[in-house]
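Two complexes are shown next, each including subunit A; its partner changes from subunit B in the first to subunit C in the second.
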Partner chain A sequence: MKRLRLDRVASQLLAATTSPAARLSRPSSISRSIPQTCRHASLYNTQPCQRRHQSTAASQAPLEEELFLEPQDGEPTPETLRGGPLPSPHPSRAASSAKLAALHARLSLSSKIPVETLARALVDPSADAHPKYNNANLAYVGSTVLHYYASESLIARYPRLPMSILFTAMKGYAGNPALHQVARAWGVESAAAPGEEVDPGLLQFDPMKPTVVMNKWGYVRAETIESQKFKSGKGLSGRVVYGSNPFGESSAAKALPNFEVDDGRNTKTMLLQNAPANAHANFVRAVIGAVHMHCGRDASKNFVKSHFLSRTLDLSNLFEFELPTRELARLCARENFEAPVARLESETGRLSRTPVFVVGIYSGRDKLGEAPGPDLDSARVAASINALKAWYLYSPGQVSVPSDTFAEDAAPWKPAYVDIGEIIS
Partner chain B sequence: MTIRALEKISVGQNGIGSFILQCKRLDIHYCDHSGSSRGMNAFIKTHLSKFAQTHPAIEFAVSPRPRKHPVMIGHYINGRQKSICVANMEPSQILKKAELLRDASGDKVKRVNKPVTSVNESVRGIWSPYHGNGMAV
Partner chain C sequence: MEARPVLLLHPPHQEGPEAPAAPIFPRLWRGSRPHHLQPPSAAPSVYHTPFKFLPPSDPRRQAQLSSLLRGSTGLAPTAAPTNSTTPTEREIPALGENHQVPVPKFNVTREQVAEMRALRAADPTKWSVVRLAEKFECSKLFVMICCKASAEHQARERERKEAIKARWGPIRSQAREDRKKRRTLLLRGEL
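The block that comes next holds the complex of A and B.
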């Protein structure tokens, strides 16, 4: 498995640089320009916005000096930059927000994570499209960290999980609905509408504006667009190859319009199904990203383990079989077991209104599964489903995962057992 | 493809893996002049700053409520709130009430008559009449 290079991916989160490329990629609808007088190297004060410098914080005396500087030639004055209020609260207000401090303490976050970062994690791209003030970048880091730990724990714990179940289990642990519930369990409140005057401790998003859907990031194969057009690649192998997110969902057709920049093309594909859930989930991902960037890999692993992987998801409830008896026969053939045989183990009330038959499935002398049912056939089907679930949900118990070897004094990695795959019949 | 997956969301239980204090905000109301607020005013002066310092996860909001009894209102993560009128109470009694609000989950008070409530299935399994040697009638 390729090692994550998050430090390279997200280095701009810790040291904001104002590269010309970043300047060009900013949304055209927001016309902030970068004054050359930005000279403070801290994370939040090198922001490319003159208006943000109108801070009243006492510790930022140089900024106030700068405020009264005469604009040099070719440098836009604050008045010409933007007339209206800021789209999201000024970062300097984060330190004085009681809600934000309470949220920081409630999540038991380390003091290495500044409240300003937490405040930034609460700003959705739909509230503030500027990438240096919203949580899109942090959420991307957080989503990669979360998906990595979730997938490695699932695969190491359940090495025979079928691909479709693995995708769904990933969604159950790290998908938007699950993260929305986590955010609600953290007690995050959302603001009625985003704006400069909003308390920085409230989640800010605008359901009517474009945002960033975290599934749509990353590498998308060029042929995905074609396959979307002709509705191919919808099968499971297509989902594995073309799926652009860890839940096996291909979203290339929706990814085509740029979600960050809206020029009024309000097509159906651009409408987000559940904007509040997406904003809450992005906040949760951004918090994971902040933990990872400020406290390091071990802290983020602990955070993901304690808040996400500790949740309960009964994987045996996710299975839905079409032809379990045939699949069990194919499985036995593949594994060189004897062909499965159904045997009646016990029955009662055969001629009554409510008969019960207990059927066991045997392969030679080994009993693979057993189930009761109201008639012989459904009991046999239920028994083969139990036998298949017993196979697919095999777990070697507590095993080490690849990320355990990240530690300095870790033992070398011993390859874990992963099955060759499910039965395709 | 004979296996299809049914979408389910994982369920979190507070205290397993991580613990989130359920009381997120405590509103404290007092009156400057009324006698029923005497204890509350003393509580605000003597106990409150220490109490707030030891509970950084709770947002405290102190505001006057003239010509009314003093009240403490706890706001909880599940969206409910719990209010206690602390008229004519001593500061130590009010501290007890603040701790009560802090420790509450915000849920309605329920009668618990089972020793264990669990989402995990029983280790021993459910008794089945169809297994074993059966019973002679």
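The block that comes next holds the complex of A and C.
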């Protein structure tokens, strides 16, 4: 078996794209080159869909090659070819943009990352459809890097999280709303409308044009479309199996381009809900991708750690239970503990209007949880919830994650503790 | 021009009431460092995993196990304070007087289940779930697992309940709505 050269994956992103000749020689309605990303069709969808490209294999191969060709010398200058204004600012203007330099310095980016790359990260596919000049490729690399580090850190730190909480926590760390917040905190402003004349340091996107949504995760199973059609696969196992993004959602399947765009029933599901958040999040992912491509794996890991995984997310607020007392009883039976018993620790004002009862849940002589409540049953339920949260939120502390072994002088991997699964009651 | 009338609590020529004297707190500290007499009351954090929930691979388990063994054998450490709250030393609150652990009896035979179904089908009003549970000495849940009332009986019961609900005034309806909301908040841990 031939060894995979991981360092060469996506190396085409490092190619300098300073001449817009290639893009001018191509029609503007070119499709994107990443098969894992999905174009959201919108009202102005004039572009051929990805599936159509894949079915015509003869035209697909040269298209892919041509996308990553270096611009050759001696080609006609952009001015002679230019029929109209460029969709996004010329890359040569990036060096003279004060906003870009400020953003580069504010993020303490390495000098290995050119400002042209940062300028490219600020161009959303809705502003410039050409894949060599927008951030779709970089954002895809960045999203995979971000999802990998976020998921491995969550599973290693909280090995007993239920699947739904894990999905929600992934969304809390790496979802669009969180990345939108990060982009706002980085001080990124968006241009009123994309165009050649805007400052390259502004985020450029157009909410009315088709864009790229980074929500694919591996590949989409063929049954996903069927399950969408028949509204199956909505349970948690369905989300695990059919969920096509790291948050257990299969929204991407809704936007698969085999639906007819002009069908009024499907158009609504294919519209992007929050275009500014998507554009900001894609910019953040593209910056991660740029750090990963230009500075390497360690730098991108540090970048993700310091900007995303260091954010505070209180996991104990994400839980919602249905029958906590029964779930706790099932847990104790599964783990061969004594059956849980509720005991009244203390109480005050039993005959008053506002009594307080403090109930502890014991298994044998060990206390599992404790909670106050306005009546005995509420206190018992709250104490069971606290005991279950204490079980699910067990953390072994600072443990090593699999990506730690990528280092040269890393110690051999010691398997991390991961629980057998959540409690079924 | 005449001055506008002002609401004066105390006429200016009279003295107002004296300011309340500063409360005298009991002296809680000796010297310069305060002594905390008791820790502030606070709910325990759910991030503190109980000893029983630690997996066997966790190093905290070994560390706490040794202290547990020390406490049980009476070899208390001399230097460490003795106010440790390990489960063996702490008093466990007693159970309530009417506390009973339900033990499944498995006493209903197959023939009795058939008889139960026949009774329920014959006269569901007379042989209610409660009466059947009393007769066969099993739980109401078990009766409901075994028997299913006829559709007309279910409709009758539903009508009866809706008639009762229709008699409720706004206060009682609101109270029941609020109870539902409180339950939702409780299960979300927001109460």
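Keep this in mind: the second predicted complex is superposed on the first by the 335 of 425 C-alpha atoms of A that agree within 3 Å, B and C clash if a C-alpha of one lies under 4 Å from a C-alpha of the other, contacts with A are read in each partner's own complex, and residues count from 1 in each chain.
Methods note: a contact is a pair of C-beta atoms (placed from the backbone, for glycine too) under 8 Å apart; a residue touches a chain by one contact, two chains touch by 3 or more.
Here the structure is a predicted model, which means the values were calculated and not measured.
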Could you look at A:333 and tell me whether it touches subunit B, subunit C, both or neither (first, second, both, neither)? neither
Quick check on the superposed pair: does A:317 touch subunit B, subunit C, both, or neither? Answer first, second, both or neither. both
In the superposed arrangement, does A:399 touch subunit B (first), subunit C (second), both or neither? neither
Counting only touches as set out at the top, which of subunit B and subunit C does A:182 meet: first, second, both, neither? first
Touched partner set for A:368, first subunit B, second subunit C, both or neither: second
Comparing subunit B and subunit C in the superposed model, the one touching more of subunit A is B
With the two structures laid over each other on chain A, which partner does A:391 touch: subunit B (first), subunit C (second), both, or neither? second
After superposition on the shared chain, which partner residues are touched by A:236: those of subunit B (first), subunit C (second), both, or neither? first
Intersection of subunit A interface sets (partners subunit B, subunit C): 317, 319-322, 324, 345, 372
Which positions of subunit B touch subunit A when the two form their complex? 1-14, 16-18, 20-22, 24-25, 56-61, 77, 119, 128-131
Please output the residues of subunit A touching subunit C within their complex, sorted ascending. 316-317, 319-322, 324, 337, 339, 341, 343-345, 360, 362-372, 378, 381-382, 385-387, 389-391, 393-396, 417, 419
Under the stated contact criterion, what part of subunit A meets subunit B in this complex? 98-99, 101-102, 104-108, 162, 164-165, 167-168, 171-173, 175, 177-178, 181-182, 184-187, 235-236, 305-314, 317-324, 326-327, 345-348, 356, 358, 372, 422-425
Would you tell me which residues of subunit C are touching subunit A in their complex? 43-44, 46-55, 57-58, 87-88, 92-96, 99, 101, 182, 186-189, 191
